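Worksheet for the structure shown next.
Labels for the chains are A, B, C and D, by order of writing; each one numbers its residues from 1.
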Amino acid sequence: MKNVATTKEQGSKNSVWKNIRSMKEFSVLVILLVLIVFISVLSPAFLTVTNLRTTAIGFSCNAIIAIAMTLALVSGGFDLSVGSVLGLSAVCVVVLTNNGWSIWMACIVGILVGIFCGSINGLLIGYLNLNAFITTLGMQQMARGIVYVLTNGGSIGLQDAPGVKAFRVIGSGSVGKFPLLFLVCLVLVVIGDILVRRSGIARNVFFVGSNEKTAMLSGINTRLVKTMVYVLTGALSGLAGVLTASRFGTATSSTGSGVEMTVISAAVIGGVSLTGGKGTVAGAVLGVVLMSVISNILVILNVSVHWQNFITGAILILAIIFDALSNRKKN
Amino acid sequence: MKNVATTKEQGSKNSVWKNIRSMKEFSVLVILLVLIVFISVLSPAFLTVTNLRTTAIGFSCNAIIAIAMTLALVSGGFDLSVGSVLGLSAVCVVVLTNNGWSIWMACIVGILVGIFCGSINGLLIGYLNLNAFITTLGMQQMARGIVYVLTNGGSIGLQDAPGVKAFRVIGSGSVGKFPLLFLVCLVLVVIGDILVRRSGIARNVFFVGSNEKTAMLSGINTRLVKTMVYVLTGALSGLAGVLTASRFGTATSSTGSGVEMTVISAAVIGGVSLTGGKGTVAGAVLGVVLMSVISNILVILNVSVHWQNFITGAILILAIIFDALSNRKKN
Amino acid sequence: MNNEVILRTSDIKKHFTGTYALKGVSVELKKGEIHALVGENGAGKSTLMNIISGVFSADSGSIYLDGTEVHFRNPNDAQMAGIGFVHQELALCQDLTVGNNIFIGHLPTKKSMVDNVVLNNASRKILDQFGESGKNINPAALVSTLSVAQQQMVEIAKALSSDCKVLIFDEPTSSLNDEEAKGLFEIIHRLASQGIGIFYISHKMEEIFDICNTITIMRDGQKIETIQVKDTNPEYVVSNMVGKELGNLYPEKNKSRGEEVLRVEGLTRKPYFSNVSFSTYKGEILGLCGLVGAGRTEIARAICGIDKRQSGDIYLYGKQISINNCKDASKAGICYLTEDRKKDGLFLEMSLVENIVAPQISAFCKNGLLSEKHAEDITAKYKEMLNVKYSSTSQNIGSLSGGNQQKLMLAKLLAMKPKVLFLDEPTRGIDVGAKAEIHQLLRKLSNEGISIVVISSEMPETVGVCDRVVVINVGKVVGEIAGDELTQNQIVTTISEFSDKE
Amino acid sequence: DGLQLEAHPDQTYYMVTFLSGYSFWTECWRGFQDAAAMLGVEAKYGGTTEYDVNSAVTSLEQVIALNPTGMAVTCMDADAYVDPINNAIDAGIPIVTFDSDSPNSKRTTFLGTSNYQAGVTAADYIGEKLGGKGRVACLTRTGQSNINERIEGFTTELADKYPDIEMVQVVDAGNDENEAATNLSSLLSTDSDIDYIFAALQQAVLGTETALSEAGLTGEIKVVGFDTDKTTLDSIKSGSVEATLSQSPYAEGFWSMIYVYMLANQDCIKSADDWYAKGFPSLPATGDSGCAVVTADNADMYYLAE
């Protein structure tokens, strides 16, 4: 106790720095900053408005999904279906609009489709206690299957209709120099981060992920909590699908494929625990940003496409080695 | 205690049946048998020698990898790099042979490459305590990257050289009606199953997966155990790569991609726990067989390719629902 | 205390596969009563409480709360009805802070955001009731950084954080030292005086006779009788609970000792302890004693290679040995019985046999394959020796009663045929009868040449079992007491003398 | 006097693809590089190895942000590429599309053959070989739209022009040759009375050959593949594959470079003053690189020069 008191008495400057250092997001932030400095020195192309804009647009949908994925991971599960559900939602928006639905109704349906897929995942995982890996993998295949059926394996463009122009502004418009899509993502991430850090409901997810039995014995409705987590991943994937449709004005059979792996690994890099109970939205989103800055750097440095996978993989591993070493020092 | 005595006195027939029913593999076996009966009734094409032969050849490499994946999952981790390592090993065999190495030396190098990749995974996960998901994902990307570099994105055929004919017999020859590849797989699976069930060394993997701290306090070298698990997945992936090269006589940039997901989900369907501590090789391999029978059925029934994903996903989910319900009844 | 009954169970029955845990139990709890439940390990005490609090559902029988029959479908229902439960096994959410754990299920919120200030202040208030050791717990600290004793206090604080009519304590003091326990007793008395009915499960007779009004004795899933404390004495209770007269609780001490077995010199691991030196001898049981947080656990763990030490030499039979990890230690024959069986003592989801063979799997292997017969034989042998109660060797160890788990953990170590045994809280959660048996066993092992080091928070046990104790305070050896001088008083004096000098 | 080309070492041209890393692009890239060397400018290759519109468009836009002199782009999705291409052109970066087009964008020229047309060519080849009567199957990769278009062209042409040819089944080629071989084997064990198999992507050719050889049907069932990967050409020469389709990747790359160079250095073309700004037609809007059928007769010529 004495030690604690002494530390508190030390200058507040010091303690702010300590606070930052002790943050789970610290090491990914360091890596990110180092990479940014590195690439800015090597090439003036990185710190240009266009480059930052496109990079930001590129990671926005992933970041939105990362908010919900954080909770899924914190609850001790994960959701492999986010990419396909995103695709399915985008396809629904396009197909319905082309069939004469109002574009805004179609958007709502897109999000509802996400919620529907998420609910099935959630009920199976929460109430039937099924394995999250297989359940969401199954949902991934099913959602992707419906996308194939609807698109016939190809792609469908959004036909012009009243409201379509306005709708497309969401995905491709700007406010000043800021892409609208990025602003939407930013708002959601900030709200998500605060809610996950502070809200009572989100705290229950932490309890469930940390020790499900205890949470149950303490009167938390663990099944409902688990179900709601997947409803949320579904809902945000649905939203991301709507935004994707708005950005590209088309839905393809592959829209969203691979998103789940990008988001999960980004979240883990950002300090979210795969075994549950630990993590922040900020960390997961920083992970998403880190991954997209890495691919940006590969493009800017014109690294041979054949080497890109190798380098991405190596950086992934280096990132967690650094994280492990910096944590070890802290303890 | 009296109760126990009474049960033992009951007819042995009954107890054999009980034993089978209590097996972890029971429900996947039931599903498999139901599917086989179903398809045999619908189409005479299923129970033909050619169909069984080709299906068996098709799952052999996956089954070999499933042996090691079982241990990786039991240890509480998993290995996402198996598919790329398989590909890398196949490419190495072909490239080295084309560059004048003896085909058999090339095979040994292929397996060594697998062991090398596995050792890196193992050391990082076992000794640096890195997250298995990210580490093996990183290795997946790195190995695939090297495959791209070596194949230039295309494929490389095995040129004729002394021994190549003999080598190709392994992957394409038969003993009686049995494909050699399948026999190799069968022998490995049987040995693997017995060793994982009964050997002392494998038991340590179960201890580590069940409670790593307790295992450490019990004097088990948990780091070594974890490392060796990944060395084994690497080695068997390497072997699978050699067998693939032998079967196709060519290595392509996509050889082995997607294998990790197939094998992991097969293992989980076969009762291997994703949180560690539980599982059998027989279960995992039955899972692999189940998955390949499903795709076989889809082709035999001429299901539209656009519906195949949907149906596979639905069957995955139904399989674990059935598993959950049958386990619930047992308890 | 008035005579109003708050909770009544009637003919509760419960069976698990292979065993009947409860064969029809009826008990009554009155307002303001502190009602002890005693019985051997596996008698069904926890099961009964789990049924009352909605964790399990009974096969038959009924529960009446305030005179009306209740059906709890889950723990939440019971909590809503005002039943609080401090579980026997520590079960906290390790990744969250103390405050969050205390208020789990009913976090204070402001506009649906968790109010950390209120949370921490309220937690502070509850923890402060435990006296000095409670004050040392920071509500904002992660539970994973707490010691076992501190976690137990948090576990209790959890139950105190909500208003209840009935509070159940299932062995709440198994990890607490006397001072902390005293804090708890004050709390319990205060709660009782507010009219709350309390069920209190413990294997420590002194405690029960100190604080309880009523005792219900259980054996083999049945209630033997309920009596008032003022009408009975510990001997009577113990003999009724065991079903036979119990002899001496502690065995004869050894007058002479043999050669030196283990010697540690200058062992240091800052900030936990520094420059610790002592020896153990054949045929002697050594005690390490001190207040909570004295660093005894840490010393034992460092010797057994679990934690890295900064300096210090270890000699076995006069020869220096190098111990860098658990494997080195267990190879040399130095074994450690952990104080936290759930976290690092057992493989809860594995069978009894597997738990027993874990530390020395190769000894049970023939040609690299596990010989199941051999393993089962050994398990059966220790079942006999330690009188473990279970229904089948393939049962998950997690489904055994707490005391039986503790016995099996000991069996696991004994199967390793150790030379030196460090036993950290060896009889935690073990019933009186079995405790006496274990004490006898320790003496027998010691006579057979195993040198034994006991770390126990129960002063009477330390004094009763050990031939000699090394007194530790704030990570330093401050004295050694042996022979007739070994009394509780002398230990306390040694500790306080040292503290005064500081 | 004739036109004199000056070297512009400061000019950088990008070729950008999706699913980069496949051998088809390697051949395009050869052509692109050769033309760049001839013109004395620098050539770079960019793109992503993933098959996802978002990653593809993001990496395309990131290349655009580098402000290259000109770009040759192959479009993963026609509609999704409209905005990025238009934005680049508005920012003064000339773009030609190759192999896969985005016709609604402001791109000046498209060089290539539609995948649909390639499917039609395959159908015509097989249809003629079979004399309009027989049974065929094909392999696709679900979810990859360029391959889906080939299958569409193939099946439509067969149905229209060769009504007596039965389309037995479309089989998924999966992720790698093992899955392709397994799935095709499943078909062969139900129905091996097939005359031709059209493996509509390079990655399925190997699996097809192996499945046939394992079923002992090599030569009995003929194979038409796609792309001129070295191993496919080898197989044509050894007889296990009868023919393959070439979309002339080298030509696509080469002429893309030439076209985009012309757009970036507009005064090379003297058709009209300021022709580009005024919209005077000086470059063809499309250039058909053709789709050739490669057989044992002409396979030698398709090997990439070392």
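Throughout what follows, a contact is a pair of C-beta atoms (placed from the backbone, for glycine too) under 8 Å apart; a residue touches a chain by one contact, two chains touch by 3 or more.
All values reported here derive from a predicted model rather than from experimental measurement.
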| item | value |
| --- | --- |
| Contact-richer chain pair (by C-beta pairs counted) among B-D and B-C | B-D |
| Most distant chain from chain B by Cα centroid | C |
| Approximate Å spacing (C-alpha centroids) for the pair chain B, chain D | 36 |
| Distance from the mean Cα position of chain C to that of chain B, given in whole angstrom | 44 |
| Geometric centre distance via CA averages, chain D-chain C, whole Å | 72 |
| Intercentroid distance (Cα basis), chain D paired with chain A, Å | 34 |
| Set of chain B residues in contact with two or more other chains | 148, 152-153, 305-306, 308-309 |
| Residue list for chain C, restricted to those that touch at least two other chains | none |
| Contacts with 2+ other chains: residues of chain D | 20-21, 25, 49, 140, 142 |
| Interface residues, chain C side, partner chain B - complex | 18-19, 306, 325-327, 329-331, 336, 338, 343-350, 354, 357-362, 364-365, 368-370, 391-392, 412 |
| Interfacial residue positions of chain B with respect to chain A in the complex | 124, 128-131, 133-135, 137-146, 148-149, 152-153, 261, 264-265, 268-269, 274-275, 305-314, 316-317, 319-321, 324 |
| Complex interface listing, chain A residues touching chain C | 1, 4, 198-201, 203, 206-207, 209-211, 213-221, 273, 276-278 |
| Chain B to chain D touching residues, read off their complex | 43, 45, 48, 50-51, 53-55, 57-59, 61, 87, 148, 151-157, 172, 244, 247-248, 250, 252-259, 292, 295-296, 299-300, 302, 304-306, 308-309 |
| Interface residues, chain D side, partner chain A - complex | 20-21, 25, 44-55, 57-59, 61-67, 76-80, 82-83, 140, 142-145, 148-149, 152 |
